[in-house]
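Should a chain be cited, it is by its letter among A, B, C, D and E, assigned in written order, with residues numbered from 1 in that chain.
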């Protein structure tokens, strides 16, 4: 039996352990940070080149107008969904094992959204006119087109990003107070003092805090579902064969949760190792997480099959052609890689032996995300290559280095944000771990719950 | 009539609850139960048993915020569509409802979240200056009880707190 | 607790009214004239002498006598040098003034006068003078100077013309959205076109 | 204005545009292309380059699919396994279909592409932000994106070739979507003339550039509302109705068939371009 | 639109405001920038010139020799676009892509801007006085016999002036060279009908059988034929004409045929005779000697020789018999062999047997001014010039309107022979391959800046003289028109006669007005006549119809058996003349380079067409770079595989492969002229263009062909995109 979190751990120890992660970083931290910055540099360079020369350098063409940018945009948006899953859904379900790990998952949500947002802009042919998409009263009297799924995207992502940030922040206030109380000098003190808003843990604060947190969690769940449904409707609303599918929104949501969970496993292992969080990010938690991932993987596989089946048995010959094209055409290697990484590989996770084997999980979780990235690319590129109009089919389009550079750099950007977060804010929720320990202790003592089954 | 603040720190939550119960029962002159504030490192909803039910009003903010967000979105969007520059889209009305409902839905949530947070800040009276009597221990593992009472009551407070194994009692002159 | 309720109602009300104001009102326009920069021309053409009122020493020449293309072309046109000479060769009184001498220099060298554009629009905007002149001068019988003046200001009081109005899209629209009578007699009104392709092609 | 306007004219704003209840009033520009007359000579395509300031992108960019031929001639073969293409090729001039229910219009985030009152599918270059969603959603793929800044690209319009540019319409810079406009600059000019004279445009008064050059006269263009217009007569004779996605004549079995059809009509785009089927003699 | 009756001089003066500003406007954040831009006004103007409104002027297209009437749209002194002149009887307001690209020839950045005199490897800019003086000096220094003038097709006053100049020099050596002209057909027509180019009435025919004549693409007068074709397809009667195209490589016309018959190369004559035989068998009255001569051409034999199935021969004969009148056209595919004349004669005989002469083959009118009638070019002319140069008989060579260094086969060694000519004067628009070899390059006005008169070889009705007039002021002051140059040269030789003319314009106007009676302007005064002629774009002349000879005879008919196979060079090379590239003179116009070839949709390169069978045999797939080697040379190009070609044949388009000329032409594709074998038509001595035998080998590299067609090829994948129907299912007479 793997070791779970100790019920008798001293609360002061929790504070100490977590606050240790905020201490001055080791050299390796700076090295990775520099690598991340270099990756961002590649992306910035590519974007400057693309901005000044024109979108043509990304090697898209008139029939193949979207490519990696949109695929990666969906990937990052998808990644963001698991944070909400862990913090909001599991919070409502009273699953206490989420408590040590939801903080960084939520941070991941926020940062992957911030990364995704960049892709929308990078994708635009006239980035300098991006403000045309904002609905604000302007001198020209012209409004954006509210019928466009892209405008819905903008609304949904803006809502999701701001709500996620607020959710992350509100949930962090008690911990910020702890930081404030334990760090006595420097800019950190000032930062925590300001950000903790004078939290003292009074009964009134806690009372309102609970309701607020619960309310936002309630909002976030439908919001997360709607965000990815709306992203899916970018495709489902169009008439491109292979996109015009009713099951797209749930398919996208499932894919989003899936890639997010896989990413959480990856980050879980990294944080556990780097910050020595073995005490909190325990193997039983990992086991639950892996099982959850497995379940979502199977849901995703099912929805994938549903999509294929509905195309296969449907009347739309065009969509059918396209499905065959994906499976047998020049994109076939990527298609089958997607099926393998997305549907076959996760079968491993069903075995107990692997559920706690961190090195294997680390590799597998990354591969799962590779599969999910391929899924997004398989939605975009082959569809454009094989649309309604055979004359404009285009099987040779391959993204240029500029596109790859920007996609590559986005991982650097995400890493940078995440690493900075981990050093500035506690990546494990201290007060909730305390709550978890407290309630488990109560349960061990067979004390009857007092009021409100918490 | 000057009031004094007193902060007692407890190791055990049960002791703190007992102390509160006793404070209530003791009915100390110059002390109102409303002037008692419990400070804890984690949330203890159980304290309502001894502190009495205190209503929470954040949800009203939520309701109003969400409704406002939705209404605002719908009319902003539809109103903008009914602009002088009507964007005619073939096969669609100028003010199409399904897309507008999508945006209404998003703004419903956005309004709800924003105003809820606003409500939280108002209801929890945040941001606030920390009270003078505050111990960092509270954010670690100890329970604090902050009471405000007439000077005459101080002795009674102390007695009760000591009785319930208070680790530490801080006091400060009130205004 | 009612205090909180009241406060929130107030706040929400504020947001609602701000929002509906934003959606409901026309955007703020520069009602005051938006004076353009002073433009240095090859020589100063005195609009006031040519088009100004007689009591102020002007000759009350119709705008379209010189800007003759306005009624039949997108552009109003700068008159050819030939046109200036047409009158000025028989006006001996001012023949020796510096400006007229310069004019004749251009004419004799058969060189076009490099006038600077005073009312410049971006290249993707295609304002049509003809439509406006046809509508306001010929259909509605507005005085020419008034019709031109909507956009060009009171040119008859200027020497070198200077931009008077913002000539921005919102400014155009503020007039387009108004209902104008279709002609001098009827009560029927229409607003200006609101189709992008009228001006942007 | 807007909200009061919205509430007072609610039913107008809820009306589908255009629809049977609100048909086009004065103008509905439409085209018909006789594929039996079309010889695939590419004259229309060159005319379009000349009229509409289309950039010549050169071999490398053409290879990347960056060409700008608003009017493109497609060439199809039907010799399924036969040794020779012994019935010749099928040429199809493909241009923006100016769909009555255009898929591109609804998805543009900034409203740069709209339906005009005279039934055109407009594209406003200066409003475009280049999301390219319109082309993603165009089943005909007749929209062309400015992948580069052609006005400053070498050998696109080198001095003095830029003097050929048509001043009646913009030269598009990078990041802007563009497409066939039915030569809107010509339409607007002749509508303007007609308006000045207090009448409507007469059939034949305005020609699109492609129609004007077509050596076999395969392209007919005109105002579908005008009963005297040839294009309208053709549509009527071929029993192709603008506002239907399944023409009743297609279901009927008749000895003599009608040749008119619209491409990918089943997607319910209601194109404004009708094609007449190509014919081949069966006696040889 | 404004009728252009006005004073021509005034017009040019109006355009003299110069410095036309072409704003390359974009859609960036262009803000309102008052006072930054100039607004240029006219100095003087005419009533018909309104800024922002186009004015149209009629002229004549110079892109090919068909002589279509064009109408240039001029705005603010710049010509913007060429449209068809609706009053021109040849093209009736229509245009082809090639013609429209004329505006790019005018604004071409690679035009030569001043006379250039060779100085080592460089050209040195000199003045016109010096250039003309130099020419005069050089021609004066040699024997008149040693002066040669090489031109493309010339007609009108240019031709008359040229003749006068040559007369003044005392030289008769005027070589008229056209690389891709139907010269063998002309000779055969002359024999059969008595005229070189009878008037073809496609619109009257019910069946057209074309033996490789690409009349919709590049043959003689394609825009005119295209219009006739439209009426042929959809006549008022509703009886749709049937087009059968017989050729080895599909042309644009073949792609539009109801039946495209892939024939073994060179056997067109046999098929024609076989058809006569089949018609005779079906009961058509055929003169006895003809019947006897064709008796041996049974459909079995013909089918064996030509590769056209007996079924198709039978069907075609039945159709020809049933539907009359028909029209049989012999085109470049039939004439391009050593026995090309015989092929053409057999095809003409079929036309005669069917009784089409006088019906669909009409007599043309002669022009009343034979000195201005077009001198049609041929390939023999270059051959004889080349021989003369090789023998050092040419001391001064003038070259105008042709690019022989590019179009001559390598075996002619023209470039080497040119070097033997001490003084070479080339009239050129670009520094093309011939101009590069010149000692003196004279820059020509573009067709949009020049005065000329043109009499096309193929005139649609009556006789006519087309006028080419400037549509705008010259872009470069250093260019001149041919007329002005000749006039300048003539002033040295015959000062008394020509010093009275200030420039070619005054010469032309004078010549026209003087002869206005014969030019249909008898009732008008000189100015009115001239202005009407300009406004119309040309004048109708009173021409005499030429009688067609009707004698049907088989006496001279010899059709050789099909070729013997050549094991080393197993394939026939068909150099294809494409509608836009022709012989390559317009290769520097980017619209044409980017306009996809109709059949292959390839742009910006040349290619080797081959049948899938041939490709499979050679192990070639699309995009393979292949080497095409003949006895005379080799070239490399990308392979394009499709079924519109006979398996024994490969085809390479002409006009590509320039190594000079300009930025758009240079280095694009490979030059197929160079590898042509020196095989000649036995009767006329013309170079037989289709006689080259080649072998094809893979050169190792493979490229992705740059073409418009996608990976789906021409397959519609079951979608209803381009629909085809058999014509008996449709009632055309009901159509609008």
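To be clear about the criterion, a contact is a pair of C-beta atoms (placed from the backbone, for glycine too) under 8 Å apart; a residue touches a chain by one contact, two chains touch by 3 or more.
Quantities reported herein were computed from a predicted structural model and do not represent experimental measurements.
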Which chains, if any, touch chain B and chain E both?
A, C, D
With chain centres defined as mean CA positions, report which chain is farthest from chain A.
E
Highest contact-pair count belongs to which two chains?
D-E
Far-end chain from chain D, centres as C-alpha averages
B
Point out which chain occupies the most central position, where each centre is the mean of Cα atoms.
D
Between chain C and chain B, distance of the C-alpha-averaged centres to the nearest whole Å:
61
Separation of chain A from chain D, taking each centre as the mean of its C-alpha atoms, in whole Å
43
Quick one: report the Å distance separating chain C from chain D, using the average Cα coordinate of each chain.
35
Can you work out the whole-Å distance between the CA centroids of chain C and chain E?
53
Can you list every residue of chain C that touches 2 or more other chains, as numbers and ranges?
20, 22-26, 72, 122-124, 168, 173, 177, 196
Residues touching two or more other chains, restricted to chain E: which are they?
23, 25-27, 52, 704, 709, 715-716, 719, 721
Set of chain B residues in contact with two or more other chains
75-76, 79-81, 83-87, 89, 92, 119, 123
Touching pairs of chains, all of them, please.
A-B, A-C, A-D, A-E, B-C, B-D, C-D, C-E, D-E
Sites on chain D touched by chain B in the complex
1-3, 5-6, 9-10, 12-18, 99-102, 105-106, 111, 114-117, 121, 268, 270
State the interface residues of chain A toward chain D in the complex, per the touch definition above.
53-56, 59-66, 123-127, 129-130, 132-133, 142-145, 147-151, 154, 234, 237-240, 384, 387-389, 391-392, 394, 397
Under the touch definition given earlier, write down the residues of chain D that touch chain C in their complex.
1-4, 114, 116-117, 120, 122, 124-127, 168-171, 181, 184-185, 188, 192, 195-196
If we count contacts the way the header does, which residues on chain B are in touch with chain D in the complex?
75, 78-95
Which bits of chain A are touching chain B when the two form their complex?
10-12, 15, 135, 141-143, 145-148, 151-152, 155-156, 158-159, 162-163, 166-167, 170, 174, 177-178, 180-182, 197-212, 215-216, 219-220, 222-223, 226, 230, 431-432, 434-435, 438, 450-452, 454
